[in-house]
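Shared between the two complexes below is subunit A, which pairs with subunit B and subunit C, respectively.
Entry: the complex of A and B
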């Protein structure tokens, strides 16, 4: 499973997303590759990703992509990340 | 348990290499794992006291981002050109830098305007709106300057942990002096090192 964290520059909010997602996936017991992409290269990198993590704003700019897009509102709220990843990844 | 699809993993390295020529920072981002973060400067080392400014008046988001850029310049982290680049980032990509309720992470791409990795911390006298759907208005602007995509990883991780913790976040927002802000940070870092707990 490959998860792509998409942000504007590939080094600020995207890094935060990746770090929070790592913690959340540990909690959920899910193994995944996490990568960071800036919005400019995200569409190309999305081709090989299974899930995209980004903000609402950038999800709109990203437009339609193949993988499921999960948007995060509060990047420092681990609970939000866990809940949204659980909903997207864990079959109930 | 997950692991539904492994196909992406095989292509990962090839894909990253293909991107590396026109986007050299991507290679570094993807090769940075949690285990390498220990070698990165800690938050207190990235945030000089000269880059902390409290209750600054700002009439709009531009003034707020400008204040955060000026704090980076004052601490010798960036040249003034970086401040304009941070503002241009929001103009081009929108208010996505508002990463949590009340908090903006202002930054731009690595460039010649970045002299060394570092952060600034600016709180506003009056909150301003960035136009973000969920997280407006903003009271804290963290300015981020990075010469690459990895030197600030540890500092950013600590920052996220501090801001996620309601007690520490409140202590940071209530701080009256730059020294108080650093005090909350260094106290947390000491706990972290001793392994007493992560808040």
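Entry: the complex of A and C
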């Protein structure tokens, strides 16, 4: 499974999302490849991803993409990340 | 003995002075320290090394695109001009300053952990690209005044470690106003602009006698959304800059199209001359995109290693994170701050062009979209937190003034790199570079002692600020908010 963390430039906050998601996935016992993308190339990269993690504003800008988009409002809240990833990944 | 010497010489010449291998090596050290599996260590090391080489490849594209711009601006106005873009200047600097930069990044991070542990400034700066950019700027300043080797690495590391812990502390009271007290600090070298933005909001609230309505109560036109895409914004803004100066140059009575086109090596028909500008603008965007891919690849490997080490060395420290972390708290304020920051930048540019430039011997600073978007946007969020929507507007505006005047003065201490048509944009590069750069000018021992004294004074001041304001729980704008409720 491939998860894409998207932010404006694909640098700081995207990497933060990736690191938080890594921690959360370890808790959930799920194995996944994580990659960071900037909003400019995210639509193209979304083609091969299974899930996208980003903020509300950028999700709006991203528009309709093939994989499911999970929006995170508090980038440092691990609980939110765990719950949203569990909701998106575990029941399927 | 000879064999040993040969090995040392090989290591020094072929590895320790090649920034890409150094960066790979440091990544390996970090990943091994975290006891990551071998496959991850190898993968991360190779990726970080290649990331650095990708960045260098992007630098070539940016140089080619910027060269004609320098000529056009000089030809049109008679003054030189630069477009501050961190990514561009950092990539350009690596061929000459890369090795020292890599050392500074690694040693500076360790220095920041030591300072964070030894003082009350418990912040861990985790914005990898800004550590990299600041390391580059300090390397340039130190090499420019003739420092090299272990001395430069140690002094530079202390300076880098210092700025990495003091800025999150200074920005923290306002950051709390933004986040409502979340356990996160601001780790971005535009922080002087954010503090100024927060203060501007406080002034707005005081003048009005209450905190105005939040920016988030405005309906924003959806047509402005494309502005949130920095790559597009950069290419479009660069196109405007290229075309304005190309037309201005060719339109001068004493130059004309034929001579202007010849000076920049383009065909002398209007169609071809203007289309060449379009290609330049797009190529600049391409170069920045390639550089970003390189930076992303490097920090994607290094930052997790850094974070793992930091958790062990300074447990419980506040993570200081990249500025877009503040964006979800006030997305409209981001756009307001961005637009007013560009406005502040343009007005400052006119001031420089109309007189201040001559009086202070300044270069024209044209608005770089990347710094204006991210730092202007964040200053808007800070201004909104203390002064509502008008606070956001003035916050961005003040930031725009700062990131136009500071780079103009910074160029003077960057030596040969001061003539590169681009430079560091964000406010902290400006103020810190100017302070350290000017102290470093008094070369030799005086300069070194001066820089170290500056670091100690800054840490002491930040530590006092932390005790007096941050730990006491002071949150700016609270008084105004309380007054508004009454």
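Throughout what follows, the second predicted complex is superposed on the first by the 91 of 92 C-alpha atoms of A that agree within 3 Å, B and C clash if a C-alpha of one lies under 4 Å from a C-alpha of the other, contacts with A are read in each partner's own complex, and residues count from 1 in each chain.
By our rule, a residue touches a chain if its C-beta (ideal position, glycine included) is under 8 Å from a C-beta of that chain, and two chains touch if they have at least 3 such contacts.
The shown structure was predicted, so the numbers you read here are calculated from the model rather than taken from an experiment.
Looking at the shared chain after the overlay, A:1 reaches subunit B, while subunit C stays out of its contact range. Within the superposed three-chain arrangement, the count of touched residues of subunit A is higher for B, of the candidates subunit B and subunit C. Within the superposed three-chain model, A:65 lies out of touch with both subunit B and subunit C [touch as defined at top].
When the shared chain is aligned, subunit B and subunit C each come close enough to touch A:19. Of the two partner chains placed around the shared chain by superposition, subunit B and subunit C are both touched by A:76. Of the two partner chains placed by the overlay, neither subunit B nor subunit C lies in contact with A:88. Contacts of A:48 after superposition: subunit B is touched, whereas subunit C is not reached. Judged by the touch definition given at the top, the superposed model places A:32 against subunit B, while subunit C stays out of reach.
Across the two superposed structures, the residue set of subunit A contacted by subunit B and also by subunit C is 7-13, 15-16, 18-19, 22, 36, 38-41, 55-58, 61, 73-77. Residues 1-2, 7-16, 18-20, 22, 25, 28-33, 35-41, 44-45, 48-50, 55-58, 61, 73-78, 89-90 of subunit A are the ones touching subunit B in the complex. Those residues of subunit A that touch subunit C in the shared complex are 7-13, 15-16, 18-19, 22, 36, 38-41, 55-58, 60-61, 73-77. Those residues of subunit C that touch subunit A in the complex are listed here as 126-130, 182-184, 188, 225, 228-232, 289, 292, 295-296, 299-300, 303-304, 307, 319, 321-325, 327-328, 331, 334, 370, 373-374. For subunit B in complex with subunit A, the touching residues are 1-9, 11-12, 15-16, 19, 23, 25-26, 29-30, 34, 89, 93-97, 99-101, 103, 105, 107-110, 132-135, 144, 146, 148-149, 152-153, 156-157, 160, 163-164.
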